[in-house]
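Two complexes, one shared chain (chain A), two partners (chain B, chain C).
Here is the complex of A and B:
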């Protein structure tokens, strides 16, 4: 299982803060594509990701128990 | 200097004094404080209030990472940051950054650097509640994109 966290507009679009996805050994980019289709999300191409709280790129392979956070462009401050 | 956590994301109103007291020390001759406050009008459009959301654990970690960058660039600077989340009203402080150093130039420069980096890499989002609708800031198409899938490293000088 991989835990996926949604924030900001993605939380509004999915109506959820997090989900569990029954996949492992999948790349970040492949999982993003899966989520776009499954949840009918607007494009995730400008969405950064963090794996276990560290920024990661699309080629990163996700392992059992990983937490993937989808991070839209930030706007703190 | 107290042993309190220097990088915090909180739902509580921020005490500027508390943030300052985390960086004050006998060696410092300057402390700069920056307050980011909720603005009523942006290009003529009226904000009623703001709502901030954070990936809290990662946000506090990224603030600590920014502090490591600051320590490399300005070894004499000590910094503390508190960012508030939840519903904020006009004029409320959303973020307070305090930096102490022996001399003022470092305190000014490091403080500005920290704010710029917060806006680049710390996972916090602001939702505008306008008079005529709502929108998450930063999600307007094309305003911010990351060709490499992650934010640039130290692009602010």
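Here is the complex of A and C:
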């Protein structure tokens, strides 16, 4: 299982703060694509990611028990 | 009687030496909106030596719920934000030198304004300008403090040249369609929290406590009282075009054409001419008066059409309020202002 944390607009789009996904040994990019389809999300291509609270990129492979945070950049100032 | 800064000096992180340093330092705040206002007020009250504040816009009624430096009078008069900010800030602390710039920040004009600056604080509302700030700060080895929000959510990070990853390392591609206050709204507690973290980081840098600067990306939701720290070790890229070994500073390369932007939270399109130009406000007022009510001061001329409003600035920029449609804005611009 991989735990996924949603931030900002993704909480509104999914109606959830976090979910568990029954996947393992999957790259961040592949999991993003899966979530886009599963939850009908607007594009995650610019979304920042952290794995176990460390900033990561799309090629990172997620292992059993990892926590993935999906952080869409916000721009207001 | 206690001196003005006695309570601040008593805080161990600052001390009397830190206070003296702070009073010698120069901070530049890019953007005098919500974050710019809040950071500026805290730093000026804290006694920073010089504060430069840059903004391209005028005060509007829809700003007043979150932009703490401005009054109803400023909104009524369409006062340029940088000037309204300077007036208010100077009344809060006359010892700080406040420099106000009413201009649309771009790579070339910013480059001239950052020469003797110690820290840049991000009060902007778009990533295009943040990538320019980022490249300038790498080029001139300056720290800058990113801040952004939407809804009740905020994020902030302190970029230290040569040390932390830069914005370009964190975001290899300039984000488009990011959540803005246009779509998600904004509550002032999210502004205040983002700005508070930015000012705290600025205080560390300005008092010489660089080793205490936070090294993580900080995210929070002030409505849900959630905080998250994301570590950024190992994210700095040696091949980064902005901070790596073979730098090209890609965002400092000027685009040479008329530019249109839809502004954050404003139902407004901005048009910037390719070359700076100045208008004869008197002649323009005469032309526009037949189409709608014209008001003007030395800095800006406005004309209220039935369904939208034009603001024309001395440097040639035009804001078209009341629409987000680029085509409609362009038509108005070319009809009344391009020649």
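Just so it is clear, the second predicted complex is superposed on the first by the 73 of 77 C-alpha atoms of A that agree within 3 Å, B and C clash if a C-alpha of one lies under 4 Å from a C-alpha of the other, contacts with A are read in each partner's own complex, and residues count from 1 in each chain.
Just so it is clear, a residue touches a chain if its C-beta (ideal position, glycine included) is under 8 Å from a C-beta of that chain, and two chains touch if they have at least 3 such contacts.
If you're wondering where the values come from, they're calculated on a predicted model, not measured in any experiment.
Trainee: Could you look at A:69 and tell me whether it touches chain B, chain C, both or neither (first, second, both, neither)?
Mentor: The answer is both, since A:69 touches chain B and chain C.
Trainee: Just which bits of chain A does chain B share with chain C as contact spots?
Mentor: 5, 7-9, 12, 46, 48, 50, 53, 55, 69, 71-77
Trainee: Considering the complex alone, what residue numbers of chain A touch chain C?
Mentor: 5, 7-9, 12, 17, 42-43, 45-46, 48, 50, 53-55, 69, 71-77
Trainee: Can you check the complex and tell me which residues of chain A touch chain B?
Mentor: Those residues of chain A that touch chain B are 5, 7-9, 11-12, 46, 48-50, 53, 55-58, 69, 71-77.
Trainee: Please output the residues of chain C touching chain A within their complex, sorted ascending.
Mentor: Touch list, chain C to chain A: 31, 33-36, 122-127, 147-151, 153-155, 165, 170-171, 173, 175-181, 183-184, 186, 217, 219, 221, 224, 228-235, 264-265.
Trainee: For the complex, give me every residue of chain B touching chain A.
Mentor: 36, 52-55, 57-59, 61, 83, 94-95, 115, 118-127, 136-139, 141, 143-146, 148-151
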